[in-house]
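Since the structure comes first, as structure tokens, the remarks are kept for the end.
Order of writing sets the chain letters: A, B, C and D. Residues in each chain are counted from 1.
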Amino acid sequence: MSAPLRVTVWNEFRHERSNPKVAAIYPDGIHEALAAALRAAGHEVRTATLDEPEHGLGGDVLGASDVLLWWGHKAHAEVSDEVVQRVHARVLEGMGLIALHSAHFSKIFKRLMGTSCDLKWRVADERERLWVVAPGHPIAEGLPERIELVREEMYGEHFDIPPPEELVLVSWFQGGEVFRSGCCFRRGAGRIFYFRPGHETYPTYHEPLIQRVIQNAVRWAAPVDAAAPRRGRSDALERIG
Amino acid sequence: MSAPLRVTVWNEFRHERSNPKVAAIYPDGIHEALAAALRAAGHEVRTATLDEPEHGLGGDVLGASDVLLWWGHKAHAEVSDEVVQRVHARVLEGMGLIALHSAHFSKIFKRLMGTSCDLKWRVADERERLWVVAPGHPIAEGLPERIELVREEMYGEHFDIPPPEELVLVSWFQGGEVFRSGCCFRRGAGRIFYFRPGHETYPTYHEPLIQRVIQNAVRWAAPVDAAAPRRGRSDALERIG
Amino acid sequence: MSAPLRVTVWNEFRHERSNPKVAAIYPDGIHEALAAALRAAGHEVRTATLDEPEHGLGGDVLGASDVLLWWGHKAHAEVSDEVVQRVHARVLEGMGLIALHSAHFSKIFKRLMGTSCDLKWRVADERERLWVVAPGHPIAEGLPERIELVREEMYGEHFDIPPPEELVLVSWFQGGEVFRSGCCFRRGAGRIFYFRPGHETYPTYHEPLIQRVIQNAVRWAAPVDAAAPRRGRSDALERIG
Amino acid sequence: MSAPLRVTVWNEFRHERSNPKVAAIYPDGIHEALAAALRAAGHEVRTATLDEPEHGLGGDVLGASDVLLWWGHKAHAEVSDEVVQRVHARVLEGMGLIALHSAHFSKIFKRLMGTSCDLKWRVADERERLWVVAPGHPIAEGLPERIELVREEMYGEHFDIPPPEELVLVSWFQGGEVFRSGCCFRRGAGRIFYFRPGHETYPTYHEPLIQRVIQNAVRWAAPVDAAAPRRGRSDALERIG
């Protein structure tokens, strides 16, 4: 058993309050479903949502977070640039970031990736199979060779991200598409995992294997205890000339 | 002999007009030294500089550029966000980008990388050796196993970039540091090469082997002729349910 | 138009002589179908097959090959270790290698990969869709966003290869699997492309888009003209102590 | 504090018995110096050496090893192919492998890499600086930005390995060379770390920071608890046709 991490789950928390179908699945919000799974894994978890002051990420919340989860969808534009800047700096400093589903279009993910992060999509109650393509990866720990989701939204290629440093999961969709669904990136001292599933109208985050991937990803993305590299003007270590 | 490419060389062009030492090395500006080497390689080359209207990148200059070279140093902040946005979109569309030396801190490079792009530096007339670590790479074509520069500025690790998809050159510096000096990235349909050498007070861009790397990089970064991927809402290709 | 390359197409050439169904599709052998497509692209192409002396790879055939294509299936064990050793050395020296379909289990591919190269498979006349996941890659030049094959053999994950340096194509199969179908590797000074489609009982290599991928891959895998790196005992370049 | 791992340290153990200079540095052999550092980190450590029956790797030693360290130099050819085959299979199954210094030329490392693994070298009592180029990587945990070794053997590029999936450390040498000194690879379900320092005539493995890298690497290379992927003939999951 590894040491507990300080995890912050951020959620837009709008669909759950306006769409009864979503509220029925996530009565306390997607953030609470995610937080419960991470508390069960032994972590210290807090939540933060868009409509709180500073989106719940004020004070030293970020400084006291080892890993941040991000779920957003229809209100990306409402996230303040100042908070995005703060999250960005904290990721480069070492905080892990787990970008979930439609967070592919969040300001923070796009800023870290440097690309459009655009993709194909379709909501048609179709089957998704996530195949493990990196069986020895820590994020695949405890997984079978594939995860089946009976109904999910489709995301299809081309997904406009930088080539992932490690590709852990590839999705098959009933309607004919594939998608790189579990993607690892390093930026600065921070690690980032993009994980595809989780459309708000499906009970995806209640699935034990989906929770397992997220628990694994949090553990994988935990900061490493090391001095920040020094940069800027530097004296020579050896004699020159 | 491959087909000629449409290359645009962008230069800040300030040091050359204010510092006699730089003007002595590059009397027509760094851009003209680079352009001459690329014209010699058979390309159609134009130049653009900071103080031209729209920094010389107005109209359809970018649309008519296969590859853009970028040299900037002390006036990164003066580059307009609108032009940066236009270059960014064009790279994702397929235009190659060669970021030279202090362009590591340019707005466009930082935006494409998503990181701070910070590093160590020192101007101390010291020897640099660039070692080829990917001998079969197109950017290494025609090179010996290392390139020696008698005097250059030092850049040292940690260089805060995403892990390069391909690492072609690693520098050794006399004062004791190393640096990832030739780094390949793909973003959208575009290819990006970061190439370290080229401090304005040294005649680096007159060195034939440095010119050769840049010629190779331009060829490597040329756009691929392919349809842009379709994204957004998509119909199923197979029957669902 | 780039310079023509010297290409050797190697084929096991057993199915075509024993199975009338295969002979009907490839009357002159798979190698001749592949050779025709590469001649049409302007290359100098020769062929070599298992039952020729030294498998057709004697004398200086390899030394005079820029790129080697390899198709084998049921007789991998009959390929002599000496020839494998010769091909291996030539790839490290810079010759490109295109491993096609069941060549995933060839001695040469397994030796270059260092892994089992095992996978799932099924012959069930099912639809395959190859999606481009790297739209700016030279191997994707001229392709639409996906290639459809009405009937092919299925190959499924986990495919036990090292993580590809560049992943260009991912396949969707009607029966429910995905597969990393277009994979780039660098070994020594040589470049290797694994390309999945091509079961002998389907006319896959007559498909123009499949031919296009192979033409692109041959161009991509062409050797770079550069001095071989020196290795072994080396004198210091700088004074020590 | 994470769970202890079962670690096996393999050493050729010849230099220590024939060269008094080496014996003075490692009186109980390099393996015991490494084992002590790993026991101090809480692991269950056993050792194995070339001249034991089956090189100390008989019975279920490998099956009971989570991570294997390998140090060899002048007797690579004496390692039996059968043992190499057994280690290879076990790495693909998930066992971690830490290849130390001259193990770059060991049969097992070359087999896993698929390349010549050749490099430049020089024994000249020169200074080495290992710079961290991936500050957020678990293998860099607790390290300063560089490690200094006052005297070591030089290894120089080009190092003929596949491009590392993750590059953690790059060495600077006083005599003018650079080297990729800390390299991560995944093969099958196993993880491999190549770590450069450790020439037998220098007390390198007594250095606390070098021990720290090895402790970190062992932790990083630990197997992931997951079902082995099924391969071979597979039934369809969805209806075809």
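Keep this in mind: a residue touches a chain if its C-beta (ideal position, glycine included) is under 8 Å from a C-beta of that chain, and two chains touch if they have at least 3 such contacts.
Please read these numbers as outputs of a predicted model, since none were measured by experiment.
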| item | value |
| --- | --- |
| Interface residue overlap between copies subunit C and subunit D, same or different (over half shared) | same |
| Centroid-based (C-alpha) most distant chain relative to subunit B | D |
| Whole-Å gap separating subunit B and subunit D, where each centre is the average of the chain's CA atoms | 36 |
| Subunit A and subunit B: spacing of chain centres that average the CA atoms, whole Å | 32 |
| Sequence positions of subunit B contacting 2 or more other chains | 127, 129, 132, 134-135, 145, 156-158, 163, 165-166, 174, 176-177, 186, 188, 229-230, 237-238 |
| Residues of subunit A defined as touching subunit C within the complex | 129, 131-135, 145, 156-159, 163, 166-167, 170-173, 176-178, 180 |
| Interfacial residue positions of subunit C with respect to subunit B in the complex | 1-3, 94, 127, 129, 132, 134-138, 140-145, 165-166, 174, 186, 188-191, 223-230, 237-238 |
| Complex contacts: residues of subunit C adjacent to subunit D | 92, 111-116, 118-122, 124-127, 154, 156-158, 160, 162-163, 165, 174-177, 185-188, 229-238, 240-241 |
